[in-house]
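One chain, chain A, links the two complexes that follow: it is found with chain B in the first and with chain C in the second.
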Partner chain A sequence: MARALDGLRAYRLIAAMWIRSAAAYRTSFLVTAIGSFTASGLSFAAILLMFSHVEVLGGLLLPEAALLYGTSNTALGLADLTLGNMVSLGQRVRDGTLNTLLVRPAPVLAQVAADRFALRRIGRIGQGALVLIWALAQVDVAWTPLKILLVPVMLISGAAIFGAVYIVGAAFQFCAQDAAEVQNSFTYGGNALLQYPPAVFAKEVVWGATFVIPLAFVNWLPVLYILDRGNPLGLPTWLAFAAPAVATALCAAAGLAWRAGLRGYRSAGS
Partner chain B sequence: MRNKQHHGGRGRFENNGGIELEDVEKVFTLRRRTGVLRRSREEVRAVDGISFTVAPGEMVGYIGPNGAGKSTTIKMLTGILAPSGGRLRVAGIDPARERIRLAHHIGVVYGQRTTLWWDLPLRDSYTLVRRLYRVPARRFHRNLDRCVELLDLGALMDTPVRQLSLGQRVRGDIAAALLHDPAILYLDEPTIGLDAVSKVKVRGFLQDINAEHNTTVLLTTHDLTDIEQLCRRVMVIDHGRLVYDGTLDGLHTLGESERTLIVDFERVLPPVTVPGARTVKTDGPRQWLAIPADASAAPVVAAVAAHHPLVDLSIREPDVEDVIAAMYARLPRG
Partner chain C sequence: MLPGVMRLYVAVAVSTFRRYTAYRAATAAGVFTNIVFGFIVAYAYMALWHERPNLGGYGREQALTFVWISQALAAAMALLGGGFQEELQERIRTGEIAIDLSRPVDMQLWWLACDLGRAVFHLLSRGVVPLAVGALAFRLALPQSPLMWLAFLLSALLGAVVSFALRYLVALSSFWLLDGAGVNMVNGLLTMFFSGMLLPLTVFPGAFGETARLLPWAAVLQTPADVLLGRHHGSGLGRALLFQAGWVLVLLSAGRAMQLRATQRTVVQGG
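After this line comes the complex of A and B, so read on.
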């Protein structure tokens, strides 16, 4: 627990330093933040384009599909902002700079995650949140307190699930140092999957995204509950509320994987 | 794989700047492909049973050929690597188990790699170091002002680390390693690539720090002048074993190492003969004279200058590889 607090403190200090240093180049920050906003917005343009030809996609109307899009992008954006730099771990192992982190009095995970903290990644969160707000205003849903509560719970759990994927991916890079692309395929690739209704995919894909890498808990299951749709695997609807538990379990597993990876590195060297 | 466990037995240098190693080993397993599916495992004993003690305030040179196990030892002493066997204590702390607690007691400088943040100006890096190490503001400013003055960093404080020259960067790194008043300082090739002026500056600074704060210094280097001017004691490691632990003079005697006096005469002369030196090579008016490394060059220079017309002269120190090679030539290994 003390270690976790130490880690958060180190994270805050390092991230704050990078934000201050980026503030010296305000124009550059604005341009890159707008770039991030626009780049992630293009994927929504693709969805809009599809709905200009069809009324319903995978059983969902445009505002409903937008709800999937907004939740997934916001969740990924939050994880990407806080843990996106974990992708660089393999590079650090290769060039030996991981060793310099090991002689500082702070947990290595926090140091790697906070290094080059890029506030411009807020662009993706902003874009996702805009779509989400529009979708929430447009969808035809009989809101109950439970459904309203599920929205923030889903976003936080979703961010934690993506965050766990970032950490597991980094832990994997202790042994396979050029596996950054594998990690990207689960985070950005996973996001591309979650932007669309599960019904457009083969059952096997949905099954894998539920039970193997449980990305379905980021938004598919909770959103389908909010929309009162059954899910394509015929699973019970209460599973939507398992998202926090799934996120907690994944984070715990990610923590163990990270510790095992770091222990392996410290006993084998590079 | 031998795996010695040592329990209990508190270190002699509990919670101060001492270093203790007892039968420390580090074995790496290399996996090599020998066929389509076949892999062979090979054990490499990078550090093969090393024991030594460094008292608080001592400055010790730790030398050896490339791949001898120097960096592996340092990595174990800083807590980066866990040992495969044996017992280590640095300032009374087991480095592998309590890496973060140890970090407050040690400073690490790599000549070839920076521990600073590449894209941040020195000033920001130092502020971040201060916060990470929780250095009280007064102590931080006192230490920083001193480093800035003695290491000549004043004009560099707002330059990003990546724009510094090697010499400037190493000086910046040394300052960063000392801001939290570490009891122990590890220096890995701190003068590599530095110009003569920077070398003198860095050495002088290290001497001052050691004298004032009783900082323990463990130094790896290829430049024996570093050791000559800083360390009374030198340890030599080769093939993962400690092969020498004593004074530098003793090492020179053991290795029969020689310094080379390079003399330019006014004209071509036959090989000169002076007591205490022998001529090993001539090339036109230039001659190379070998002097035992533990003897003073002054009488030889005086004798040469008294009898022959000199234009110029310079002295080349023996390097680590020469000394060790010569030492082996004399001593059967093991």
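After this line comes the complex of A and C, so read on.
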């Protein structure tokens, strides 16, 4: 517990340092934040273009699809802001700068996670949140307290699930430094997957996204519950509420993977 | 052009090709990512074309072919970043460009040779494998005739040069701006949207779609894909290739003019 607090403190300090450094170049920060907002918005533009030709896609109307898009993008944005720079771990292993982090009196995970903390990534969160708010206002749902509660729970669990993917990806880079891009398949690729209604995909894909890499808990299962739709696999609806448990289990597994990766790390001595 | 000079640029292209072959894990990771995205987009398009058969003039098989062609060309055409421009920008920022300028070679052709070497490598590695996987997993509308494939390769080559010429302009802007991050970003967004990577340009509605199909980014992905899909034949094919060649000419000339301006105002301070 003390170690976790230690880590959080180190994370806060390092992140604050990078924010101060970004604040020195205000225009650059603004431009890149707008860029992050727009880049993430392009995929929504594609969905809008699709819905300009059709009423229903995969059984969902535009506001319902936007609900999927907004939740997934906001959750990924939160994970990307807090852990996104772990992708560059492979670079640090390759050029030997990881060793510097190993001798500092702070948990390595916190240091790697906060390394080059990029506040500009709030652009994606902002974009996702805007779509989410629009979708919540437009969508035709009989709201119950449980459904309302599910929205923030889904975002936090979703961010944690994507965060676990980032950490596992970083752990994987201890053995395959060059293969950082594989991670994009599960983070950005996962996000692209979750933006579309599950009914669009083959059953095997939905099954894999539920039981193998449980991305379905980020938004598919909770959103289908909110919309009162059954899911294509015919799973019980209460599974929507398993998202926090799934997120916790995944984070624990990611922690173990990280430890194993770090323990197996042998510096080249550079 | 003298054969000797030609040999030099071929050597530059070949050595860049070989440089990229060194990163096997990164290449395999890229192939994997292209395949994953290919599957996701393919399913989304199947749903879209199920609702609206013949959308944008494509049948279902053609739409699926478009998906896998865009994944196959994404790396070769540097549609999602990558390529030479960041290296050139860094050389301009640090001043190492002074060494390049003193070399007895043409800077634009040098970097073009580099980028084509890379593009050929990416077409062979990150292009062939995803397309083959796509063709195994789905029914695609790939042409039987070798001539069509040849026309496609020619169109893809022109597309690669257009992509290079655009990024060369972006890179040279660093002579004035020093930090290329903003321009790179704008270029990246425009490329992503107007190349057809996000959605075929034939699906873009009305006048907006018509304009989008005339922009240089259309020559990078949309045109080669349509050539492979057999949407241009006879004189139409000639027109499509001419459209690309036109952009090659305009953009390479613009790059040349910009290079001249940049080198005229560059002061090497030595030390």
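The working rule: the second predicted complex is superposed on the first by the 265 of 270 C-alpha atoms of A that agree within 3 Å, B and C clash if a C-alpha of one lies under 4 Å from a C-alpha of the other, contacts with A are read in each partner's own complex, and residues count from 1 in each chain.
Just so it is clear, contacts are C-beta pairs under 8 Å (C-beta built on N, C-alpha and C of every residue); 3 or more make two chains touch, one makes a residue touch a chain.
Fair warning: this is a prediction, and the values are worked out from it, not measured in the lab.
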Legend entry - Combined model on chain A: chain C and chain B, fit or clash: fit
Inset, instruction - Name the contact category of A:A268: first (chain B only), second (chain C only), both, or neither. - result: first
Inset, instruction - Using the touch definition from the top, say if A:L102 reaches chain B (first), chain C (second), both or neither. - result: first
Inset, instruction - Please work out whether A:D228 is in contact with chain B alone, chain C alone, both, or neither, and reply first, second, both or neither. - result: neither
Legend entry - Angle at the Cα centre of chain A, taken between the Cα centres of chain B and chain C once the superposition is applied, in steps of 10 degrees: 80
Inset, instruction - Please work out whether A:S52 is in contact with chain B alone, chain C alone, both, or neither, and reply first, second, both or neither. - result: second
Legend entry - Dominant contact partner of chain A by residue count, chain C or chain B: C
Inset, instruction - Could you say whether A:A10 touches chain B, chain C, both of them, or neither, answering first, second, both or neither? - result: first
Inset, instruction - For A:T32, select first, second, both or neither according to whether it touches chain B, chain C, the two together, or no partner. - result: second
Inset, instruction - Would you sort A:A192 into first (chain B), second (chain C), both or neither based on which partner it touches? - result: second
Inset, instruction - Once the two complexes are aligned on their shared chain, state how close chain B comes to chain C by Cα atoms, in whole Å. - result: 11
Legend entry - Residues on chain A lying within both footprints (that of chain B and that of chain C): none
Inset, instruction - Write out the stretch or stretches of chain A touching chain B in their complex. - result: 3, 6, 10, 13-14, 17, 20-21, 96-97, 99-100, 102-107, 115-116, 263, 266-269
Legend entry - In the complex, chain B residues that touch chain A: 28-29, 72, 75, 78-82, 84, 96, 99-101, 103-104, 106, 108, 110, 113-115, 117, 119-121, 124, 127-128, 131-133
Inset, instruction - Using the touch definition up top, name the residues of chain C that touch chain A in the complex. - result: 23-26, 28-30, 32-33, 36-37, 39-41, 43-44, 46-48, 51-52, 55, 179, 181-182, 185-186, 188-189, 192-193, 198-199, 203-205
Legend entry - Sites on chain A touched by chain C in the complex: 28, 31-32, 35, 38-39, 42-43, 45-46, 49-50, 52-58, 176-182, 184-185, 189, 192-193, 196-197, 199-202, 205
